[in-house]
Each structure stands twice: as C-alpha cells, then as structure tokens.
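Next up is a structure, given as structure tokens.
Each chain gets a letter, A, B, C and D, in the order it is written, and its residues are counted from 1.
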Amino acid sequence: MEQQPPAPPGSAPADAPLVDVSRLQQVVAQFARERDWERFHSPKNLAMALAAEAGELLELFQWLAEDESRRVAQEPGTAREVRDEIADVLLYLVRLAGVLQIDLDEAVRHKLAANAARYPVALARGNAVKYSRR
Amino acid sequence: MEQQPPAPPGSAPADAPLVDVSRLQQVVAQFARERDWERFHSPKNLAMALAAEAGELLELFQWLAEDESRRVAQEPGTAREVRDEIADVLLYLVRLAGVLQIDLDEAVRHKLAANAARYPVALARGNAVKYSRR
Amino acid sequence: MEQQPPAPPGSAPADAPLVDVSRLQQVVAQFARERDWERFHSPKNLAMALAAEAGELLELFQWLAEDESRRVAQEPGTAREVRDEIADVLLYLVRLAGVLQIDLDEAVRHKLAANAARYPVALARGNAVKYSRR
Amino acid sequence: MEQQPPAPPGSAPADAPLVDVSRLQQVVAQFARERDWERFHSPKNLAMALAAEAGELLELFQWLAEDESRRVAQEPGTAREVRDEIADVLLYLVRLAGVLQIDLDEAVRHKLAANAARYPVALARGNAVKYSRR
C-alpha cells in the first residue's frame, strides 16, 4: 500500500474546512439574544434583511464603470462603505445559517461540486458557456 | 499586576478569527481562473450576481408565513434549495472579497463594533429601537 | 349578424391599454437628458438601480409581521416612505423600458397570458399550486 | 390677467396623469381573487416577490458589458426574457400599490419633485453630483 505523500509544510489537511465561521456565529447569536431580537430573526425576515443589504452593496457600484469598480478598494471613503456592506451581508448570512442550523462548509462543498459538474473546465474555457446567453 | 485568567479548556484564543474563509477563497479563485472567468468577475458584476442569488433566496421564503419559514430545514426538498442558495450567496461574497482584497474578519469586526455602539443592549431591549420605525 | 352589446357607461374599450406611462416616460427621459445622465443609464446600470430600490422597499417591511405590513399605509411616516420607494422602483422601471424601447402594455399582456396558462383558476384554487412548495 | 396659451394640438392637458395603470390594477386584483391568493398578498410578501423578480432581471445583465446591455433588445431570445422580467416587476408593483391603496401617479409626482430639488440641473451637469461618490 502506497504511502500518502507528506503535505507540504504549512498546508491545510485535506479535510480542513473551507469555511469556518463558528466563532462569528456565536457572536451574532449572542448579539441577538442580548437585545431580545430572536423573535424578529425568522428565516423569512433574515432573508429579507440579507437581500436588502445586497441592495445597498449594489447601490455602491451601480453608476461605476466595471474598471472603476475594480479600483474601488483604493478610494478610502468608498472602500470602507464596501467593506461595511459586505460585512452586513455576511452577518445576516451567518445568522440565517445559524437559525436554520445549516452547516456552511457542507453547503459550499455541495454547491462547488454541482458547479464543477455543470461547468466543466474544457467547455467553460472553450465557449464561455455560462456567460453567452446570446 | 494581575495575571490573565487561563482560558477555559477548548475555548478559542481572544484573537482567533471570527471568520476564516481563506481556503474557500483559494478554491473559488482557482475555479474562476481555470474557466477563464476572471474577466467577468469585476466587483460590479459580482455584486450583481450576489444580489441575484439573494433574490433567489427570497423567492424560497416569499409566500411562507414566518413560522413556516422556521421549519423550512425540516422539509428535505426545500432544505436543499435553501442550503444551495445560501451557498451561492456565500460563494459570490467570498469571491468579491477576494477580488477586492477585503479581509472579511476585519470587516465583520468593524461592523460588529459599529452595531454594538448603535444598538446598546439596554436601549434595544427596552424599546426595540431598531424595529419600531413607527 | 348579432350586434355587439353597448359597453356599460364609463367602461373602457376592450383595447384600451392596461398600462399607460407614456407621459412619465417622457418626463424621466427629459430629466436624464437635462442632467447629462444618459451615459450612466445603460440597461445594466438601470437594472442595478431598480434592484437597489427594491432592496430599500424590502427594508421597510423586513421586521414587520405580515399583519403589520397590511396597516403600513395608516402610519403617516412609513406610508410616505413606502410610497417613495415604490415610486423609485417605478421610475427606474419606466426609464429602463424607455431605454430598451419596450412596450410595457405589450409586456404585461404577454406575461398575464402566460401566468393564466400556468396557473389555471381551478387548479390554483384547489391546491394553491403556486404556493405549496411544502 | 393674461390668458393661458392654448395647448399645442395633440398635447396632453397639464393635469393628465403621468401614470395610468388603473385597468392593470383591476386585472391583477381579479387574477388574485379568482385564485384565492389574496391571503398570500400581504405587502410584506409582495415586496419580497417584487425584489425577487428584480433579482431575476439583474441576472440577465450581470455578465454583460454595459454596451452589450444596450443591445439586448436586438437579441430575440434575451429580449423576450427581459420584457418578461420587467413585466413581472411591474405586475407585483401594481399589485402592491393596489393592496396598499397607493396612488402611483401621486407617488411619482412627489418623488420627481423631490429629485428635481435634490439634483438641480446646473449642479448635476457641472459635476455629476449624484454619480461621483469618489
């Protein structure tokens, strides 16, 4: 039986999680509990709040050309706003996953596998299958 | 000078990250690179894709009563759909943060501090300040 | 040959438009032209702006119970906000249709016919086909 | 006192509505009533459905360059999809306004007046005040 080659130094083990938000999940759960907000945090309401924050993120980019959007992190004012809106989306996403007891690491692994099957490298490179609806 | 009390066994060090998505970030970057999708992944476009996925998540909840939405994880069919849509939002969020070189751990810590200042526990409990716009 | 019965007084002729926003379309086109905003008003950008406004509308409802949301028009402060956000969505929608030269009356008639075929009255009443994903 | 000049032939009277969706409003109300969907059509749920449709509209544009998005009406397949998604947004918007008894003509007039005050022509032309967040 062949031996497994040693992992390169500093590399993660093969089964290390892709996503670890367990500590954030605890923090946001406590944040809600302390404020008596649990009754507002139904999955329905949290999905709305997440989408509303995604809308605020959109707003930061809506009038920018694509190239301008690539440089947004270099404008101190906008960079903070972008980081804040991305954080808001992530906070509601982690809260929603917590309320529904969804394992985010499992969820992204399942979706990545589905995406890999749907967009094989050869096909995707060849004709940009996903992007050419035309 | 008093000594710091020892952390309880199994607890994370005070500076352990709240969010660690570094491995997922590598995976989604490689996924895009292999398919020659980097040119499509401007922050503007990724913000749109994230918001579109948030819309698909909304769709799963839009006709459910709040209580029904709390039980959604127990319905096998819907549960998979919900996990998939949440995963899609997270994948685009992590990709967007990667493209903009945003440190998500820093971003959520900054936002949590701002939220804590904005919604003090005493006030939030007392009158649900956030939720009563009326 | 039988005579067509006279339309009841005050009723619209059968081919009267369901939607007439022609005057609003002129007003928003002029508004953009006067401000030199036409270069920003690509369909892509307008779709983003519309979705961002839909997000602001969501925000007004996200923590309300469904019954509270039915009474929102009776709270003077919120009622104005709701009207404003709905107006914002409509303004961008009409602008987008104008830029793309889409006939909104044709578009809704086509979609209504598709919806009527997809959700026949008998079936929809019987088992709430659209709404029971459960 | 000077007489009002006669309106040019074919022009609308000054108080003609900018928006007339009264017939569509009746049609969508009847559509819901016939299917016993009124109980699902709370303002909260309709705002979600509207935002979900706005997300589907986004999806059609998310990977297109701005210039490509301007030509989308010339691609028969995409053109139909765009018209359908715009119609879906409009149908939910008109339904929401109906349920809340909002006068859309009043709402857009109020918002247009606010926008005109906020973005004076001279200022907007001079420095694109709305669009330069940078």
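As a working rule, contacts are C-beta pairs under 8 Å (C-beta built on N, C-alpha and C of every residue); 3 or more make two chains touch, one makes a residue touch a chain.
Not measured: the values here are computed from a predicted model.
Student: Chains in contact with chain B and with chain C: which ones?
Tutor: Correct list: A, D.
Student: In terms of residue numbering, is the interface formed by chain C and chain D classified as same (over half shared) or different (under half shared)?
Tutor: same
Student: For chain C versus chain D, what separation do you get between their C-alpha means, in angstrom?
Tutor: Averaging C-alpha atoms per chain gives centres 6 Å apart.
Student: Approximately how many whole Å separate the CA-defined centres of chain A and chain D?
Tutor: The computed centroid separation for chain A versus chain D comes out at 31 Å.
Student: In chain C, which residues are in touch with two or more of the other chains?
Tutor: 40, 45, 47-48, 51, 54-55, 58, 60-61, 63, 65-66, 130-131
Student: Contact residues on chain D for chain A in the complex?
Tutor: 48, 51, 55, 60, 63, 65-66, 68, 75, 77-78, 130-131, 133-134
Student: Taking the touch rule as given, give the residues of chain B at its contact with chain D in the complex, in rising order.
Tutor: 40, 45, 48-49, 51-56, 58-59, 61-63
Student: Can you tell me which positions in chain D touch chain C when the two form their complex?
Tutor: Residue positions touching the partner: 12, 16-21, 23-24, 27-28, 31, 34-37, 40, 42-45, 47-48, 50-51, 54-55, 57-58, 60-61, 64-67, 69-70, 72-73, 82-84, 86-91, 93, 96-97, 99-102, 104, 106-108, 110-112, 114-116, 119, 121, 124-125, 128, 130-131.
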